[in-house]
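Two complexes come next, and they have one chain in common, chain A, joined by chain B in the first and chain C in the second.
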Partner chain A sequence: MDSSSDEALDIIVTNVVATFRTRCHLNLRTIALEGSNVIYKPEVGKVLMKLRKPMITASIWSSGKIICTGATSEDEAKLGARRLARCLQKLGFKVRFSAFRVVNVLAVCSMPFAIHLIDFTKNNRPIASYEPELHPAATYRIKNLKATIQVFSTGSLTVTGI
Partner chain B sequence: MSAAGMTCPGCGSTNIVDDDLYSQAQLVCVDCGSVVSEGVLANDPVGGSDVSFSRTTAVAKKPCANQIKGLQRVKAICRILMVNSEIEALSQTYYKMAYEHKAFLKVSLQKKDILTGCCVLVSCRLLNWPITIGTISCLLDADPMVVGAVYQEMVKNLSIEAPIVNVTDVIEAHCHDSVDVPEELAENSRDLTKRAVALVELAADSWIVTGRKPIPIMMAATYLAWQSLKPNKHRLKFSLDKFCQIAKVKKLKPAMKRVAEIKEVLCKLGKEIPWVGGAMTPNNVIQQVECILQHRYALLRRAMRTHEDALLEESQASFTSVVKQNGSNANGKEQPGDGDNNPHALPEHRNWGKRVLFAPPCVIHPKKRRVEQCEHKDVTGDEEISDSEIDSYIRTPREARDFALMQQMLPLSDSGKS
Partner chain C sequence: MSSRVCRTCGGSDIDVDQARGSAVCTGCGSVLEDNIIVSEVQFVEGSGGVSSAVGQFVSADGPVKAPLLGSGFHTSVGKESRAQTLQNGKRQIQQLGSQLQLNQHCLDTAFNFFKLVVSKHLTRGRKTEHVIAACLYLVCRTEGTPHMLLDLSDLLQVNVYILGKTFLLLARELCINAPAIDPCLYIPRFAHMLEFGVKTHEVSMTALRLVQRMKRDWMHTGRRPSGLCGAALLVAARMHKFRRSVKDVISVVKVCQTTLRKRLTEFEDTPTSQLTIDEFMRVDLEQECDPPSFTAAQHKAKMQQLEQELAKKLDEVEGEISCYKNEIETELEKSRPKLRGIYAAYAKEDNREVLSSPSEPEEAEGEDAEFQAATQHLTEDFLCQVIQEEQGRGTKGDHSVSEQEAEPEKEEAGPHRQVAPLTSILGKLESAASLSLQQTFQTTDTSEPGDQSQNEELDLEGIDDQEIDKYILNEKEVQVKTELWMKQNAEYLKEQKEKEERINKEKEEGTYKEKKKKSSKKRDQIEASTAGEAIEKMLEKKKISSKINYDVLRDLNRGTGSPSRSPDHTPDTTATRKRLNRRRRRKTSEPNQDLAANTSIMGKSSAPQAAPLPVEEEEEEEEEEEAEDECISALQLVGGQSRF
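Moving on to the complex of A and B:
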């Protein structure tokens, strides 16, 4: 393990999940008919709408609740959500953008060394748990931050949580 | 009414006794024989008893039928696995605790069935009996992921800290004597196990085991151990498929990759054997496996030293070439000296696997990732959104009409075809 190198580690945010409400009922058939980039899923009762810039996928329910995923920053998530609300407004719905909330943020980071997962789990029990037959990474849960870190043997880390 | 303190209305005596005639309670005066009072034949008070029926018939709470069946299943699984009595007792205790826990009280019967296997699994782990989730899922005929999920939920709710299973311990349970197999293919299970365990330990030291599923590794180690115990032409030509057939196990796809990875490590070590000349390839390394395993620690040290020396030579060579380059460009031409180094810094950080001898295979052979464009630097979230942008997401009325028409036509054409 070369710990003498001074390389900075990049923590890259790869996904931000946010929700908001439109405070009005949405007719999913209308959205499916008049919107492009739209997938209608009647069996689940929702519509998936994809925006190009920022690259966001939104799940739209008829109750007016919308979940946006795919943004790479919180500001981008807000912009995408507002674009979506404007789009729905143009389709004829009385949309009021409200209750915008970031629900989950996912980030990745890579260590320049390999990690021995069995020793890592033994030294960090019970915060860390590792089941090689189920998942290749060890799960490290930080309770007070409500964050979960997946530690891979290649040195990659995936952080999820608010 | 009690007999005490009563006087006979006939003779005035206080000598009144209880007398049961035909089970009818009576108070009779001894002196004159007159009946002072008589109870009704049925002694129940009017309007029902003070004590409710369920309380009079109440018994100590017994486990329900499903719990009893579950405990019997736990016992059956323990008997099939031939575990000792301590494990059996502990699993039954855990099953009782889990069944009565509020998290599992109202779950489906299928989940309760999986819970039986999970209790056996956790007891085996706590008492150092090597067993895999795969074995338990086979016994329960359930998906290993579902079993794993129930297992993790149970461990969390009952606050159990169970150790992880070591692959080398499990492999002994999986290598058994080969029966009804031709003489030339048969092998003593003790030798086979010893050789396979050594191969797994070598794989663990060279980053092949960590993060991977254990069963394909065990399969690969057993196969290579079997080949190396008698490395004749016949065995070397025997494929993993056929080996799994004679061992009567289902071949797993990752096992092929593990075989290749272990052979790669063996080649790296085989190169360091001083008395073996010629190139070491995956084809001729099996003959040297016995030798490699016997001296593996010494060979590992030699291999690391050779690799370090090679790296040192390489860095010295690149340094001298950079010095020569800077020297030739020192005639006033602008050379962004730092620019040369910086593009290499980041890829080097990502490709640290190329600099070490042993590393997890995903690092040594990384997948090519496409470069993501970072557009989010200038986004604030509150910018103006222009109409033209939004219009690109909305169909024109004509497009919408055409789409609706097509949707109507599609089911008609389908019914036309069928």
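Moving on to the complex of A and C:
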């Protein structure tokens, strides 16, 4: 796997997942009734709130833990998380912004050539594994970076990890 | 034997006789040991004059302590947990493997894998079923047998992706490199199932060639091999003049119609499809195709490019149009009467406001009103703070968190609900509202200079408060939404209420258990002498549903010739309660086995049922209780019922 030398391969970060805690109990029903873009799921016990400006979906639990997904960069994730906390504050909760942590980042990249997955897996055993019955891509795991790369036969790659 | 020194004479010449089991000093003749443990093989004469060696074989990785001599019949008693696990695993492997028709060598290899897995503690937290299936699949892959993961998941009724996860993990941990699946392996198997008769071999050969062609055309990377096989077999069958429809093929190959059709269309796009049958058998085209998803993506990219160019052209045209529009507007402005005096200044201010707040054009209109409202709000806010102060003093003592002690202005749980409706009543007073909250914030900030670095407080930089307030509904909207939500979730709310009531009642009675989920009551064992009696008792106990054909059951009873009929007078309430507590039963194949299993599952009877009642009466009762009328055969009944 060598990157092409002529043109720069651009990696696009498509998703950043972050969590933070509000350190106060949140009444999900209040949020559900007074927010204008929320989905309440009482069976699971959480509220989904979507923000427009950084395009973010947040899962809010009553314990005060919030997971924020959909941001396109880490700063955006932080901004969105702060916005969200602000919104909750306005709804009347004693919100504090603590333990903000980026949990997962997903990026996509595309090779200009197609990849023969079976040979690729053979040459990179046991780091790479390919199971066509389960998933069309081969998974390549880098242990020290804790990253997982999914390689598709069309040449596109998805990189996930912390 | 170690040479020891004699105690009496000090001589070291000791004669050990293995047969007699004694150690004697040859110098003085004193016996040093009697009854030495001998390690000779002894023979015993069995029935019919057969001599057999005395002793048991003990495996190397078996139990540490030797099995008790004399209780040799119960070999599973007293073994260690590890041995039990392995034995259990072996049994399950044998069972599952025989269903897949694997030979003994494969099963032994699978058991070896299982032993490795157990020794690496990978079975923890996983169902043994899944682990067994993964071991078997590993063997299938390494041996190259035409078994798919789908087959295993069909047998176990488990989601194939769950099995796949376990399989991948095991393969990684055991460092076993399973060779990649070749679709060519599956072809003979599917060809057999499609029943081509004499020509099976020829059709298989053709299909093989097709698959190889597909491989070269990059159709097979990233796809399920069974789908490719299905397409190849369909084409091969048609080539040899067998009529196999898509439905036949998909029932054998286990893919869905859409997939098969897609493969066929993809194959159609390759140049090989243009060849005639004879040509195909003889010639192999040189060129290779790109993978179909690659071509699809390129197609998409081209379309996008075209769209972009179109959009650009549109923009240019639009630019011209907007130029004209602006000119027209300026002309109109000039011709409009001008406002005089204060109002002119006002109008200009309005425009400025519009420019400065792009997201809130409505604000410009209400500016005047806003000032008034803002003053009103400030007074209200002051009142609000006063209320909070009062409450703050009252509840000050209750706060355990040290940060909040000094701040009466800090919002607490009580005044939350007060503050929220106040702000919503006042309508769109975004800036003022945020100002008030910011004030409370700043006061709390100043009180804890040390905590700044921790930064648990919200940093308001870069947050557009106006936009955030759009996310909060005003009171009218809240009412509407509340109504809607209540209506929508009426059922759920009702359930919650009932649950609460139930819990409260039980609390009063003192029988409230914290975790009601995992209370599994032990069923009573039914003691019955015949199968028929067992059925009767089970019926009484369970009062299963009307989905039972009682006539057939009765016939069964009569067929087996049960002497006594002893249904009981159990009141309906207990019956319903037992119905609620019923557990699911697994399906097993034979009815008799199931009957026995059922009776054991049912549990001990509380009191042996004595008074006989005609069975019909009871059945009538049960039928009255239920409304449905479906009848099923007795076999299905004993196969396992779990519904009310």
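The working rule: the second predicted complex is superposed on the first by the 157 of 162 C-alpha atoms of A that agree within 3 Å, B and C clash if a C-alpha of one lies under 4 Å from a C-alpha of the other, contacts with A are read in each partner's own complex, and residues count from 1 in each chain.
The criterion applied here is as follows: contacts are C-beta pairs under 8 Å (C-beta built on N, C-alpha and C of every residue); 3 or more make two chains touch, one makes a residue touch a chain.
On a predicted model such as this, the values are computed, not experimentally measured, just so you know.
Enquirer: What does the overlay on chain A give for chain B and chain C, a clash or a fit?
Expert: Clash - chain B and chain C, as placed by superposing on chain A, overlap.
Enquirer: Of the partners chain B and chain C, which touch A:P112 in the superposed model: first, second, both, neither?
Expert: In the superposition, A:P112 contacts chain B only.
Enquirer: Once chain A of both complexes is superposed, is A:R83 in touch with chain B (first), chain C (second), both, or neither?
Expert: both
Enquirer: For A:G155, select first, second, both or neither according to whether it touches chain B, chain C, the two together, or no partner.
Expert: Both: A:G155 reaches chain B and chain C.
Enquirer: Once the shared chain is lined up, is A:S73 touching chain B (first), chain C (second), both, or neither of them?
Expert: first
Enquirer: Per the contact definition in the header, classify A:W61: touching chain B only (first), chain C only (second), both, or neither.
Expert: Once the two structures are laid over each other on A, A:W61 reaches no partner at all.
Enquirer: Between chain B (first) and chain C (second), which, if any, makes contact with A:F97: first, second, both or neither?
Expert: The second partner, chain C, only.
Enquirer: Let me test your reading of the model: by the given contact rule, A:L51 touches which partner, first (chain B), second (chain C), both or neither?
Expert: Both: A:L51 reaches chain B and chain C.
Enquirer: Quick one: is A:R23 in contact with chain B, with chain C, with both, or with neither? Answer first, second, both or neither.
Expert: A:R23 sits against chain C, while chain B stays out of touch.
Enquirer: Of the candidate stretches 4-12, 22-30, 40-48 or 238-246, which in chain C collides with chain B after aligning the structures?
Expert: 238-246
Enquirer: Under the contact definition given at the top, report the residues of chain A touching chain B in one complex and chain C in the other.
Expert: Chain A residues touching both partners: 33-37, 51, 53, 79, 82-83, 86-87, 90-91, 114-118, 121-122, 125-126, 129-134, 136-137, 152-155.
Enquirer: Would you tell me which residues of chain C are touching chain A in their complex?
Expert: 148-150, 160-161, 164, 167-168, 171-172, 175, 177, 180-181, 218, 221-226, 290-291, 293-294, 297, 410-413, 416-417, 419-420, 423-424, 433, 437, 454-460, 462-465, 467-473, 477-478, 481-482, 485, 489, 492
Enquirer: Could you pull out which chain A residues touch chain C in their complex?
Expert: 23, 30, 32-37, 40, 42-43, 51, 53, 79, 82-83, 85-87, 89-98, 114-118, 121-122, 125-126, 129-134, 136-137, 152-155
Enquirer: Please output the residues of chain B touching chain A within their complex, sorted ascending.
Expert: 132-134, 144-145, 148, 151-152, 161, 163-164, 166, 207, 210-215, 345, 349-350, 352-353, 359-360, 362-363, 374-376, 379-383, 385, 389-395, 399-400, 403-404
Enquirer: Applying the document's contact rule, which stretches of chain A touch chain B when the two form their complex?
Expert: 2, 7, 33-37, 49, 51-54, 71-79, 82-83, 86-87, 90-91, 110, 112-118, 121-122, 125-126, 129-134, 136-137, 152-155
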